[in-house]
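By written order: A, B, C and D. Residues from 1 in each chain.
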Amino acid sequence: MRKRIGITLAAFVMASLTAGAAWAAEPIKIGAILSVTGPASFLGAPEAKTLEMLAEELNKKGGVKGHKIELIIKDSGASPEKAFSFAKQLIDENKVFAIIGPSTSGETMKIKNVAEEGKTILLSCAAAEVIVNPVAKYVFKTPQKDSDAILKIFEQMKKMKISKIGVVSSNTGFGQAGKAQIEKLAPENGIKILANEVYDKAASDLTAEVTKVKAAGVEAILNWSIEPAQSIVIKNARQIGLKVPIFQSHGFGNIKYVEAAGEAAEGVLFPAGRLLVADVLPKGHAQKELLVKYKKDYESRYKEAASTFGGHAYDAFLILVKAIEKAGGADKEAVRTAIEQLKGVVGTGGVFDFSAADHNGLNIDAFEMLTVRKGKFAILKQK
Amino acid sequence: MAGITYGTIYAIVAIGFNIIYNTTGIINFAQGEFVMLGGMSAVTFHQFMPLPLAILCAVIVTLLIGAIIEIVFIRWLHKPSVLRMIIITIGISILIRESALHVWGESVRALPYFTGTSVTSINLGGVYVTPQVLWVVGVSAVAVAVLTAFFNYTLLGRQMRACSANRDAARLCGVNAGNMVTLSFMLSAAIGAIGGCVVCPITYVQYDSGTPLAIKGFTVAILGGLGNSTAAVGAGMILGILESFSIWVLPTAYKEAISISILLLILFVRPSGIFGSSEASRLKEF
Amino acid sequence: MRARYLPVVAFAGLVVAIQLATHFTDSAYHLTQLTMTAYYSLLIVGLCMLIGYAGQISLGHAGFFAIGGYLSAFLTTHNLAPHQAGALISLLSKSGLLVTRSDLYGGSLLTVHPWCACVAAAIVTVAIAYLVGGPVLKLRGHYLAMATLGFGVIVYRIVLGTEFLGAADGISDVPGFPLLPGLEIAGKSSLRVPNYYVAWGLVTLGMVLLLNLIHSRVGRALVSIHGAEDAAGAMGIPTARYKLNTFVLSAVFASLAGVLLTHYNGGIGPSEASVMKSVRYVAIVAIGGMANLWGALSMSLVLNYLSLRGYLGSFDDAVFGTILILIMLFAPDGLLRRHLFSDVKRLVTGSAADEEAP
Amino acid sequence: MTLLSVRDVSKRFGGLQAVSDLSFDVARGSIKALIGPNGAGKTTLFNLISGVLEPDRGEIVFCGTALQALSTHQIASRGLVRTFQHIRLFPKMTVLENIMVGRHVHSGAGFLAGMLNLPFTWKEERRIREKSFEIMELLGIADFAGTEATSLAYGQQRVVEIGRALACEPKLLLLDEPAAGLNMRETSEMGGLISKIRDMGVTVLLVEHDMELVMKISDEVVVLSYGQKIAEDRPLSIQKNPEVIRVYLGDDQ
């Protein structure tokens, strides 16, 4: 933590020093607004760490097209007002080339207008679909679409002949956006929702909620959340003797959540990017090499498990670098157009195919159906 | 069942409030942080040592932190105003929380279940209970019993009660009132830490899990009548159970709002607590 | 008599000087954070009135800020077009209380006019403040602190748990606040300078109003209540009503600050209602010297600005906590106390005085 | 003519009957003194009259209005103003400001008017100031106008407190031990001041321990013992009342 502040400060010092100095190739300033602390720190902290690692690595290799990358990370603590202030600061004052983040949908939605007005590329690490739908010219996002995750789950349910489910979701943007999508997509896919519960993201006991779901006589639970509270649902459900399959969202993609749920997590099903199962991906899979490398680098550097959240920042950085390469230099407009033309970029979340109408670039194939086996993530073997 | 687990932990925080309130007249807003510190440090110690030892170490560490807080921030203030004490203890609470963030990071931690695993459950007359709930209730009951014995049957405990009844008179009888205040901080830190250790397998612990507990604990302390720890246990159960039933009527997200509304209601109607009469609230138990 | 306006003039001069300085050093971007600071300062001077002059602590003022901000945000973003056929909506629409505007993506929205939303926010705040303040202000000491804190938590929980208020994401795409033709309170870069002046102009206006109040019959009564409540009552001062009115006044300041900042930022999130915010506001008033409007204002200017600029990094809350403890331990009258000079003299002459207000 | 009438008033604290079935009248324009040994219920009675406490039974009628349902500030605004046994001046306020607070009931600017500082507000403010100076001149404390009130000598603080009460232009002034803590010279000056106040047309009801002062200035004296009235008469007769002598010699002095 302390080190990160050090780097941020160093970035400031560098910013002020370089303002006057004329270098051969001006460094490209990239701002990042991440919830390193506060209620969304489980997203922001790995994102910030990932970005620092990538920037350092790239600069060691000589940067992109001769430009070094200068990273300015701001900790918003998940406060929209700070995100707004920092976005203004990064655009007006630091004159950054692009902004990575914010970590949460709420913050992203607040600074969408700022990015549009400042004509600065915003690569959000937040999941909500409203960020890129409708499309705003300068706003992109890297996490997969909720609707694709849900479709993937429904596909699996159909295979397992499940049609009556109970939905539990957390009261955050992620949870509620997912809930709305589930409600919309369920009828089309022949799924009946018998119970629909919302829980607090800071809850630490949800026995009452799962008891209600159990009483409804469901064939499976679909638990939609990105916060630690989701493991409590799993735990409590097993404790009250509810033995139906539990489906989770892609927000379950953090091994800490599995650890928190302990044995109860065994057999939980969820769609996710392939980072979590990088090691067991078949050889020759497009993403295998990149994922294994990211995982190894991150884990050896920070001594903690890599999560898909850090991966969102990884993809944002990767896309930006690729687009700069494609555009042939650091020209905002050219790079923006270049992102829209990027096809087949292999990232941690999947293979990105951007277009003018699709500022996310991922489809249902970005997801793999995973399960938990012996406390570890594993690819679900289809019977 | 969730109601009982929570009720117990609220009661423990409330008892912590009462111990300090009785000897000093201070409401220690950092009370919830002791629970967090207990849980967090137990998790840390558990990486190096077996569980019982880790819990013991965690309690000792928290107890020492309690003592340090009293010695550094409280002891040398001469008759501070209530407003000043409120602000100081709030400041301490923020400081502990932020230090925890920078020491332990943002991640959620938990101790393993004392017996069994997360899916073990015991059938108690048709209700499924995780054995940990029994641990929570059992350990808390023992802690309360030990405290009661301490205050009633030991010289030190009696001296502390003397201090709470009349500080100046106690001082005249040769009781070191300053040390008694330090002791009360240590005791309430220790009981908070014990509570933190036993519940954290169920509820998890995170750097910011202390503050909400302080608010609930205060609610319970008021509900039972400030200073009355026996009533606090009952009040804790009532609040815990009310909370867990409230979600059948209202969305879960409003759960905390409900318990706070109860607090406000009691403050407005019966500030002496539901169990206390306005005159009995003058009488102080441990 | 007019001496009280001298600092106001000096302050206005400072506001202009800062703008000119940023203009000539080509660093006008500072004005964004300074404008946001101004709105927080509005809340803080109101809170200073309550804590310092009426002697009542409130650990729930972020709640009033959020009530104002959220109400205005909701009313100005909630699309009423689908209900246009309804009698009430069409009546409102015809009376000019509604406004049609296009959203970011070219769609058409029918929403409440920001001015009406602002008035509605103020009215609701007054109502809530009277309802809550009535019973709450009968409490003292710990009970008062806890009750106000509780109020703050309830507001926080409600905005966090209510779907139409955006739950954890809050409300986005709030339009600018049309102050005059061609001048709106909004975060657009082109309006940076006028917005800076509008914000600090409002703070100056607020200061003038509060300074007048302090030096009026009411202000005197408040200080006397703070000093000796029984004697104030015996002089015919309705102490309970005066405390309540001050509470409501400071709530209105907080609420208006919330409304305006929400329009400036283009949105609001639950973090604005959090307990930490309330504590922060009290901290700033305490550092400023409790019963010292200028002290509170200058501390608000410095600390909010530093925080919004992100200089405090991940230590934002820790810094506030530390300052709070240090001030309360070593200078309970605040850094910028009214009798700073005489205190220094007393220190020099060596007579230790440890007086405390009851 | 009766200004204040206390009728069958009783007040009980737990097991202690502080005041029982007490009745007496205060005539307009007179000085009436309440005396009695410590614990006789004098201060309780003052608190009952000024609205700090509510009687269990009985009536207190002032200018034809029953007071027991009214709160302290309502009673004060009807012209019944008190001082305190332990001086209660407003700290952090000057003598002038303290006295200006006394003008509260005779001015009307509220929150809005105060904030806007309308012409009528500052005109009113000027009148308050003038009137306050008038009172300070009258009491001979105008020199201390700008001094913080609580930093004055004890005797002067007493005078300021009475000045603050006079600023309310009371019909009835309740003085709770006005000579307590004063030396001989100050006490005799206080006596003169109280007589002067009566001559201005203000009725005075006082509690006092200093018998010399009481006998010198009062028109009538009420003697209390254990919450009951044992005598009510002119000072000269009181001094000869055997019951009063017994109470004082037997229990107190």
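Note that in this section a residue touches a chain if its C-beta (ideal position, glycine included) is under 8 Å from a C-beta of that chain, and two chains touch if they have at least 3 such contacts.
Remember, predicted model here, so these are calculated numbers, not experimental data.
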Q: Treat each pair of touching chains as one step and give the shortest count from chain B to chain D.
A: 2
Q) Which chains are in contact with both chain A and chain B? A) C
Q: Taking all protein C-alpha atoms shown, work out their mean, then name the chain whose own C-alpha mean is nearest to it.
A: C
Q: Specify the chain most distant from chain C by Cα centroid.
A: D
**Q.** Between chain C and chain B, distance of the C-alpha-averaged centres to the nearest whole Å
**A.** 33
Q: Please compute the C-alpha centroid of chain A, do the same for chain D, then give the distance between them in whole Å.
A: 74
Q | Cα-centroid distance, chain C relative to chain D, in whole angstrom | A | 42
**Q.** Euclidean distance of C-alpha centroids - chain A vs chain C, Å
**A.** 35
Q.
Quick check on chain C: which residues sit in contact with 2+ other chains?
A. 160-161, 167, 314-315, 317, 357
Q: Could you list the positions in chain B whose residues touch two or more of the other chains?
A: 101-102, 251-253, 256
(Q) Which pairs of chains touch each other in this structure? (A) A-B, A-C, B-C, C-D
Q: Write out the stretch or stretches of chain A touching chain C in their complex.
A: 1, 4-5, 8-9, 36-39, 74-75, 77-82, 84-86, 88-89, 92-93, 104-107, 109-110, 112-114, 116-118, 128, 134, 136, 171-173, 176, 200-201
Q: Flag every residue of chain C that touches chain D in the complex, lowest number first.
A: 1, 209-210, 212-213, 216-221, 223-224, 227-228, 230-239, 245, 249, 291, 357
Q: Would you pull the chain B residues touching chain C in the complex into a rising list?
A: 27, 73, 77-84, 86-88, 90-95, 97-99, 101-102, 211, 215, 218-219, 222, 251-254, 256-257, 260-261, 263-264, 267-268, 271
Q) Which positions of chain C touch chain A when the two form their complex? A) 27-30, 32-33, 36, 104-105, 160-161, 163, 166-170, 172-173, 187-189, 261, 265-269, 271-272, 308-310, 313-317
Q. Okay, in this complex, where on chain B does chain A touch?
A. 1-2, 5-6, 101-102, 105-108, 110, 112-113, 117-119, 121, 128, 130, 202-204, 206, 208-209, 212, 244-245, 247-248, 251-253, 255-256
